[in-house]
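We just call them A, B, C and D in the order they show up, numbering each chain from 1.
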Amino acid sequence: MRRASWQEYQKDIASDKYYYARSCIRQNFFPGSERAFLDILHNDLGIDVFDDPLHTSCTGIGYHSDVVPLETIMTVVARQFALMAEAGYENFISSCITSFGIYNEILATWEEFPETEERTRRYLREATGRELVKPRSIAHTSDIIFHHREAIARRAKRRLVNVHTGEPLRVVEHIGCHYAKIFPKSGIGGSEFPYVLAGMIESWGGEVVDYPERRHCCGFGFRNYLVQANRGSSIANSHKKLESMAPYKPDFIVANCPGCTMFLDKWQYAIAEMEGTTYGADGRGIPVLTYEEMAGLVLGYDPWELGMQMHQVDVEPLLDKLGVEYDREAKYLGAGGKYIGKPADVAVNCESERRIYEIKR
Amino acid sequence: MENMTFFAPFTIPFIVGGVAMFVVIAAKWLLWLVRLPRVDRRLIRHNFFTRQTLLAVWEVFRESLLHVRIFRVNPVLGFMHMSLAFGWFLLIVVGWIETVAYLGWVWVPLQGHVFFKYFMPVNGIEGHIQLFEHLMDALLLLVLMGVALAWFKRLRSKMMGMRRTTKHVLFDRIALSALWFIFPARLVAESLTAAIYGGGGFLTGSIGGVLRDIVPSDMLSLAYEPAWWFYSAALGVFFAAMPFSRYMHILTEIPLIFLRRWSVRPTAERKSYDRFEVEACSRCGICIDPCQLQEDLGINDTQSVYFLRDRRYNMLSLKVANNCLMCGRCEQQCPVGINLATLRLNSRAKRRNIPHEGRYKYLRGVDRSSGSGRVGYFAGCMTSLTPGVQRSMEQIFAAVGEEVWYADKEGGVCCGRPLMLSGETDAARKMVAYNTDLFRRHNIELLVTSCPICLRVFRENYRLDGIEVLHHTEYIDRLIAEGRLHLKADGRTFTYHDPCELGRGCGVYDEPRRVIASVGELREPKHSRRDALCCGASLANTIIDDGQQQRIAKRMTTELEATACDTIVTACPLCNKAISRAAAHPAEDIAEVVAKNIVR
Amino acid sequence: MRNLNFGYGISSPRAINLDNNDLRKSNDIIREMPELQACIGCGSCTASCTAGNITSFNFRKLHTSVRRGEYQGAYEELSKCMLCGKCRLVCPRGINTRGLVMLIKRKLGDF
Amino acid sequence: MAKRVVIVGGGAAGMQTALELKARGIEPVIVERDIELGGKARGWHKLFPSFTPASDVMRPIADRIKAERVRCFYGQEVTAIAPDGVMLRSGERIPSDAVVVATGFTLFDAHRKQEYGYGLYDNVITSVDLERMMNSGKVLLTDGTEPRRIAILHCVGSRDEKVCQKHCSKVCCITGVKQAIELKEIFPTADVFNFYMDIRMFGPGYEELYREAQQRYNVHFVRGRISEAAETINKRIQIKAEDTLTGRPLKMTVDMLVLLVGMSANYENETLAATAGLSLAPNGYYRAQDSFLGAVRSEREGIFFAGAATAPKSLADTLAEASLTASAVDEYLRAKFNEK
């Protein structure tokens, strides 16, 4: 009954011929994930996805921080769409949840206030000489992976199962707020019960953890993080989520939003520093994965190829559970075997004296 | 006879008990006196060689021996106390004279006086004076009557005008039992002596005669020594228990009377003088009956007698200290004149009393007063809930053309008495300082208030030299007397309720009555003036709940309504609220009655 | 390592957390004065409050917070009360408000 | 000979019960303390929640009473009640086969809440005064001007232990909403503020009316009870309350303060109940046998209740209860006379 409600709402997703728009945060913090997305679609599934070098940031961070005006972002978005049409595509997919929200919001605004669309066309024409063509469909890249989850499952090298116990891994999924909280119809399962990540986890053999603060925001909230005076509030939200999920002993967290993945991962370090509290069954933190990393592991990709060395919380314990064979020494070797440097050990990856489970029990 | 040692083994209990008593009492008094604050010691030095000392001696005679004040409460009760105290005293005095009469001016140890009959069975003695025998018997009889009454009081207290008697502690019971036995034992011992050796007065002699006739003489001899042992033991036990029992009051009242005559008083802070007052309580229980908490609510652990008892034995709970209306009805009747309210207050002052830095900082710079004039009007917090009073006062001021400065028309700062009543004396000082400053700043010469609670604190705790403080009833009375305010007959009959703080608190009884009499007929309720009942809404009590307050108000209102008056009048906003709640018709304030009948 | 200064900390949550709040004192207070539970939050006490008209002192909010186990600052706040007793006169539920002030203060600090 | 039933009280409950009894062939006799019938509903302007003029309801009843020639005693106070008749103050006794107590309620005397200044300040009025004013067609301040700002205070003499009225009077909330709307209709530009502790909208159409007052008439609802009122120099009323939803003291000046006075039990209930051997509920109203099937029966055979004698009731409830009372009386009389 509960499960049904989480997958009740479905949306139409195109099956092929995608125009790919990248994410600012992910290119910097999880570059391997975007690479993996393209590889999975191209190499594993044989799907046409175009990664256009001409496209730019959607400027959503600037927009949500009140530095980019509405007219500007509309014009930038119109340009992306124009590029898509010029390249011969009509299914627009975005790697970023913020951008995904922006695209939906602007399309809806144009719908409600046609004069803004007219104005934007004019601006676009005057600035770039390009012509706005609205996409036939808009989807987030997690929607795409969700859409092809069964195909991936068929090609799976391993499932989300603890190889030592045979038990399914317990996975916390976290959906970015702008995925469906702005427009419930834009997300799979709607805003209250988004199914996009849960569907992948279930298809690949994992077990979804349902915990009290499941729907709560990670705390990024743009200005909440960008202004230092507000950061206490930002971290408090992640803290609340981690406190709430900890008793369920999740094996890892998977998120579909660049900011959430980053903050749920990195705030674990800050909380360890501030409070001495570390999460995870052995006090070594809860690894936070992108859905591409999760899919990549399932398909047998090398974790360092997936860029998992970029994580704050070490992923090795998870890899061991999954039975992934990896080269411990190769973790900090970049392209061509070049040593990229190794960060110092930090609180989150050491066993803490005050572990959450001991406090709760 | 010259070799008389005046010693027999049976006197040992008496001697031990007596010495113990004197040592303990002396130690107590000395300690309390030494610990007195410097101010009090200076008072004592200053007043020692004055008429006050002589007056104290006279008061000791009247109160410690004759118990005149208890006589006033109830003659039978007074007689009981008098016969015990004064009778015993005379027994000692006359006994001493008797010794002197027989032996001349020679030193006789104490037990020689007390057990004179034993050492000198007087029959056949040279110069035997029969008058002494009769006199001593008469005094013994007097004391025995007192003892009989005390027994009777235990059984049936109502006869003594007391519906309830005190519940006592263990030491009291020991001392009380010993006391009850002392005089009957003496009667038995002396009668036996008379039976064996002859002599004795009309009482012991006669009983002795009868005993001689009906009891075999060897039996008499057998009982003789034990009887004297028993008498001595009863005295010894009583003396030993006395400093720890309520009977401590017998002697403590004496220094208390002197100290009081020398103007030493209890204060808001506890001091060693309080011990004199606390231990001067005889636990007679006269304070129980006037207490409305007892009468109306059946609460019987908090009355002054229990409060003093608990405080004396260091078992005072906050609940007992706080559960008091401080109406002053018991204090009015206390035969020892103990300052019950002040002692109660300084017991409450145990609260962490240091106001933290910044407490009431918000008062700084606040001045919400309005108008200007020589006369200041402080309505009081409660008066803002009885706007009729405020309005009437304004009409009265207008009628006599008074220029008035209104201190708290737009809301003021509390006078501080409620805080004092709750034991927060230091915090209250901040209110006092604020208001004093406010009054001074506006250069008023006369301060009129409508709230008796404020009135009392203004008079007792504020230093308002140069500013006269009046309750509005006094002020109106003065206006009428000066011919500035003319009133017409109202045609209604009134019953006046004396607010505790105005009546017993400030001694204002006549002014309100004169004012009411000038507009209509005044009918007195059953309890009025000093004896007036409390409305139950008193700020002093933070323990009783709303329903209990209501019950107190209901009974006192019923009494007021029993006069069949048209209107109940009072002069306190709190009383007004309490009465209006319980009465068929709302009460009116004197100011309202007056304002309705002004002749312009 | 713990001495790192981030320039901010984890903000404490604003929610009244009845799971974590220590309700022992609150229960004590209610046991001694059960009528407190009869409060219907009409605000008469606060409206008539002598101190509350000069400061931000809000008796209704305060005793409600204390009942919920939110004691932080309650004692200091209560020190603003002048104990004048107007609130007791206007309370439609007959709550012994003055006694309550003293009770809460006693439980939260005095003695 | 027709069976006779004395009805104590000639208000809405008494009159309607009389008509219902008459319809069942029983002879009713009404004893009314006042010099005319109608009770509290007399002089009332309009009824909630439909704004029906009170006279539209009361006049037909009065006309029927006249047409049916119901016997009435006017200006007569009942001093004792028994199942076989009542005693009047005049000493006269009216024998009967059963008695219906329809003595209703007493309006709470707003003077008792002195802090609101009723009778003291010119423009502090009660809800009853307001009805009278509306009935006379003239709602004005005492100086003849129109109010621009009006406050309506709920629960005056209801739910207030300080005046020994612990119960809820049931009808005042909806009356307050009704009067707020009426005031807004008379003075569309005036601001109306309702100060309340709880809003209790239990009847059909009540909640809807509440919503209409909020939404359509822009009546302001402030959750806080006024604690005191004072008159300003220009005869306006300054009121103080706590706006409990913001947690701050609120102070405002209004031109008119309307006190929604509650329903108290009659003062005489105690003595009358004693003569009849009945008991009273803690709030002073008569105690019915139970709240369900015995709601109109007393604890004593042959004595019945109708209307607000047992609890605060709306006019609608009262009229509905009258037929219940009549059928209970009928049933009782049938049983009684068949036995004999």
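Note that in this section contacts are C-beta pairs under 8 Å (C-beta built on N, C-alpha and C of every residue); 3 or more make two chains touch, one makes a residue touch a chain.
Since the model is a prediction, treat every value here as computed from it, not as a measurement.
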item	value
Common touching chains of chain C and chain A	none
Intercentroid distance (Cα basis), chain D paired with chain C, Å	39
Averaged-CA centre spacing for the pair chain D and chain A, given as whole angstrom	66
Rounded Å distance between chain B and chain D, as computed from the means of their C-alpha atoms	53
Of all residues in chain B, the ones touching two or more other chains	384-385, 546, 577
Touching two or more other chains - residue numbers and ranges from chain D	115, 161-162, 228
For chain A, residues contacting two or more additional chains	none
Complete list of chain pairs which touch one another	A-C, B-C, B-D, C-D
Footprint of chain C on chain B - complex, ascending	318, 322, 350-352, 355-356, 359-360, 362-363, 366, 381-382, 384-385, 411-414, 416, 418-419, 422, 424, 427, 431, 537, 539, 542-547, 574, 577
Complex interface listing, chain A residues touching chain C	228-229, 231-233, 235-236, 239-240, 270-271, 273-276, 346-347
Chain A contact footprint on chain C (complex, rising order)	1-2, 4, 6-13
Contact set on chain C toward chain D in their complex	40-49, 52-53, 58, 60-61, 89-94
Residues of chain B touching chain D in the complex	384-388, 391, 546, 550, 576-577, 580-581, 584, 586
